[in-house]
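Given below, in the form of structure tokens, are the structures.
What follows is a pair of complexes built around chain A, which joins chain B in one and chain C in the other.
Here is the complex of A and B:
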């Protein structure tokens, strides 16, 4: 639990460093170049912006502002960054939510199916698909899906969150979700299926499970009380670990499909070197990932009483 | 005394690897992966020398021509032969992936061994930092650092390496921890072996087997990362062909219906990474006795 304090500290330092390594002179950029201001003006503006203070003090002020909800303004259009980021986050969470739901259901379903039928042909098919999915770059799969379903078959839209002029339609929004969700699911579900498959097999041959089966418990009790909680523990641990990786995958998928979420915001900001926005996105995403890790840890402890003792540290 | 100890433990990592080779080649998937990768690597490294560069000069008369006998995989948006472009890009992608992984391995080993051999506060600080770093989406920092400043092959390689050494470091620390408890290491320490000797004679050779597996899988991941960065124009410079760069304006190719320009470079990435992962799986199965029963 206490481990998240150094994590958050390191994260905030790294986010702060983005400003420090960003190219260009922030003071000079205010008026379009150093030659447009006198030396005295330059010094005065630097002092007003607090740039003459020690770096640690600057970091402290920045951090305090963040906590107070003042995240600065975007270089590109002068809008409040907090509003931009929170709106992007809302849009992204729709995508992430649907993707995670599908990944979890597929991983449990396919993993259970393959694990209980080890070395049968469905098992081989699922395992092969899992291997291929692990080797496929998300952006490329996105392009291929657009090629098939938008360009050739013209079944599904290729970009955006809704068709212009028809913003309200639920069916329209759902259609825009299909391809991005499919891309994220197909590129991330592989390792999940393999993991669930492996742990289902482990549990099936474990003594406690055989004993439970020998007691003649009902099939549903066996699956719901004995098999799934134990088989899902490694999956949840892994899910917590893989949040940082998932972030990269989602960002690139948003880029390919023009999904107006935090990932596209981030990549646009990176390309236009809009560093205040970059700092905010890194910080917000990082905090969410760290919280995600924590939730996964707690969930594992809740599922597996054996681990509860270890959490007193 | 020390000599005897050395006789017994000198090359176990290497011996493990050599012993695993026949087993490795009996592992069907691993063998397939090995040959696929070998063909791709040889074609990429020597193909451009063999086929010449004539078909790589832009030619307005054959922009986006579909696959045909003359151009096996078609031509791209500048009328260049796609097959040759893929071979050219493969050289960059494979070498960048390999170089980045070797760098990451070097740094990861250094960090992991330092942490594994140190006791007390130094180990705690190193591990605390590593844990914190692993929990942060480093990919975002990679993108930021690529967006600021000029891009070059060397910089991409360094950045990919910096984003991927953490797993190796953690694995090496665990290995070192286990090995430091082993009797032969204690004997070596009692015999007065220096730290450097300990690392190069005992720790590294004994940790070689799991290290090889981690490195193999790492190359695949590095290739994926490089292609993603290059696709965003944040990877290798636009003048250099890499598999990611070939897909750089993939969206406009897709929308103009030139499916081959998107399909084939991507398939090369998938095939290569898949082959590397199969080799990694095979190595793990054959080197680590725990996994042997699985195939």
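Here is the complex of A and C:
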């Protein structure tokens, strides 16, 4: 739990270093080049910006500004970085949220279904599809889906999160979500299904499950209190650990589908050398990943009485 | 003798595992009766089909295993005719079962209280509060010192002996007419084993409990069971009153078991007093299945009916051609 504080510190130092080692002189870039300012002006501006202080002090000031909500301005267009990044984060979370929900439902549903029918042909079909899904690159699948559903069939939009001029429409936004969510889900759900299938099988053959059956409990009790909680613990743990993977996948999908989220911001900032923006995006993405892991940890601890008791005392 | 119809009557029960590599006849024509308030002990090496028999009695065999043939009459009902829903009204409620590994009798994610109450509420329609009360009383009955605290614990927080007690308490709280126990003391230490034996004795007297006890522990069987069945390769090779079977065993296999009681605990090593290991139950063999390991085996042991139970005394049956007639054949 307390482990996240050093993680956050490390992350912020990393983000700060990106800015420091980035090529280019921030003072000179203010006026378009060193040759446009006198030595005295240069010294003065440097002092005003705090750039003459030791690096450690600069880091402290920068970190304090971040905490105070002053994230600086984008080099490209001078807009407030905080607004840009938080809007990108919101848009990304919509995508992550829907994808994660779909992955979870599919993993539980298909994993349970295949696990209770192990070695029947539906199980083989699901397992094969899961393997294929795992081996498919998101970039490639995204383009294929666009080709089929947008270009050929013209059923679904292929870019952005809404049609220009129709920003408010829920149906329009939902239609824009379909292909990116589908791409993320199809490329990530495979291992999840396999995992749930495996743990469902483990529980079904566990001694405690047989003991519960020997007590004559109702089917729903067996499934809801014995099978699912025990079978889903490994999935939740894994979902937490693989969260960075999901975020990585989202970056690519946002790029392919022009989804104006934090992943696309990252790639744009990197390409245009917009370092203050890049730094903020790295920081926010890192925080997102850390929070994701933390939530998974808490959830697993809450589910597992062994850990729960251990922490309680 | 007993004139009432038996509580449990098993006749010619056959169960097998149908795997890709062939059929394993784990229980191959087992018959026995059990009367109310009595205990029958089942002994035999690992792999002789004891657990499969117990699971068959409760309809718990799962793929690739299944009951193939025979009849299980319990309190006048043919259990083999039950569907899954009807089974649920028998399991726990009429026939309880406890297993070898006590910790794994319980859901690792739930407290013992939750699991006891859930069973009581399912079978007796109790409210949460009265189920909890009844669970407490059941734990107190099996000699648990602080039932309230135990109900709040998880299985991993208790010792093996405590868990087995709790499992027995849970099973008995549902007032079953019959209790199946599959190696109930095998994973316990000596002290916990003694306590468990005492507890079984007490419960048998107090509740007029009928039990099928499967165990390697001939000491336990000797102290508790009226009748003892010796199982080998899916068949009963000797059946009779416990004092006769353990006191004057007739089958060479039973003699082997008795000759080396300690080795039974260290399964599945071969028994030194007998050479060889139990046969694989996959292939059909004619004649006595124990013959390859038997030092007294002769040509008569290869006849088709050599492995059939035959009476040697009233109530005492042995599946050995040499047990007929004279006492001193071996």
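The definition used in the following text is that the second predicted complex is superposed on the first by the 308 of 313 C-alpha atoms of A that agree within 3 Å, B and C clash if a C-alpha of one lies under 4 Å from a C-alpha of the other, contacts with A are read in each partner's own complex, and residues count from 1 in each chain.
In this text, a contact is a pair of C-beta atoms (placed from the backbone, for glycine too) under 8 Å apart; a residue touches a chain by one contact, two chains touch by 3 or more.
Note that the coordinates shown come from a computational prediction; the quantities given were computed from them, not determined experimentally.
Peer 1: Mind checking the superposed model to see whether chain B and chain C fit together on chain A or clash?
Peer 2: Aligned on chain A, chain B and chain C fit with no clash.
Peer 1: In the combined three-chain arrangement, what's the angle at chain A toward chain B and chain C (CA centres, steps of 10°)?
Peer 2: The three centres form an angle at chain A of 80 degrees.
Peer 1: Quick check on the superposed pair: does A:178 touch chain B, chain C, both, or neither? Answer first, second, both or neither.
Peer 2: Neither partner.
Peer 1: Give the label of whichever partner, chain B or chain C, reaches more residues of chain A.
Peer 2: B
Peer 1: A:244 in the overlay: touching chain B, chain C, both, or neither? Say first, second, both or neither.
Peer 2: first
Peer 1: Considering only the touch criterion stated at the top, classify A:266 as touching first (chain B), second (chain C), both, or neither.
Peer 2: first
Peer 1: Touch test for A:106: chain B only (first), chain C only (second), both, or neither?
Peer 2: Once the two structures are laid over each other on A, A:106 reaches no partner at all.
Peer 1: May I ask you to decide whether A:285 touches chain B, chain C, both, or neither, giving the answer as first, second, both or neither?
Peer 2: Only chain B; A:285 stays clear of chain C.
Peer 1: Given the touch rule stated above, what does A:19 touch, chain B (first), chain C (second), both, or neither?
Peer 2: After superposition on chain A, A:19 lies in contact with neither partner.
Peer 1: With both complexes superposed on chain A, which partner does A:230 reach: first (chain B), second (chain C), both or neither?
Peer 2: second
Peer 1: Between chain B and chain C, report the minimum C-alpha distance in the superposition, expressed in whole angstrom.
Peer 2: Nearest C-alpha pair, chain B versus chain C: 13 Å apart.
Peer 1: Residue overlap on chain A between the chain B contact set and the chain C contact set?
Peer 2: No residue of chain A touches both chain B and chain C.
Peer 1: Which residues, counting only chain B, touch chain A once they are in their complex?
Peer 2: Interface residues on the chain B side: 128-129, 131-141, 143-149, 220, 224, 227-228, 231-234, 247, 250-251, 254-255, 257, 259, 262-263, 266, 269-270, 273-274, 277-278.
Peer 1: Going by the contact rule set out above, which residues of chain A touch chain B in the complex?
Peer 2: Chain A reaches chain B through residues 3, 6-7, 9-11, 14, 18, 21-23, 131-132, 134-141, 143-144, 146-147, 151, 241, 243-245, 247-248, 251-252, 255-256, 266-267, 270-271, 273, 278, 281-282, 285-286, 289-290, 293.
Peer 1: Going by the contact rule set out above, which residues of chain C touch chain A in the complex?
Peer 2: Its residues touching chain A are 58, 60, 87-93, 96-97, 99, 101, 104-111, 115, 118-119, 122-123, 154, 156-157, 167, 170-171, 174.
Peer 1: So in the complex, which bits of chain A are touching chain C?
Peer 2: That would be residues 206-208, 210-218, 221, 225-226, 229-230, 233, 303-306, 309 of chain A.
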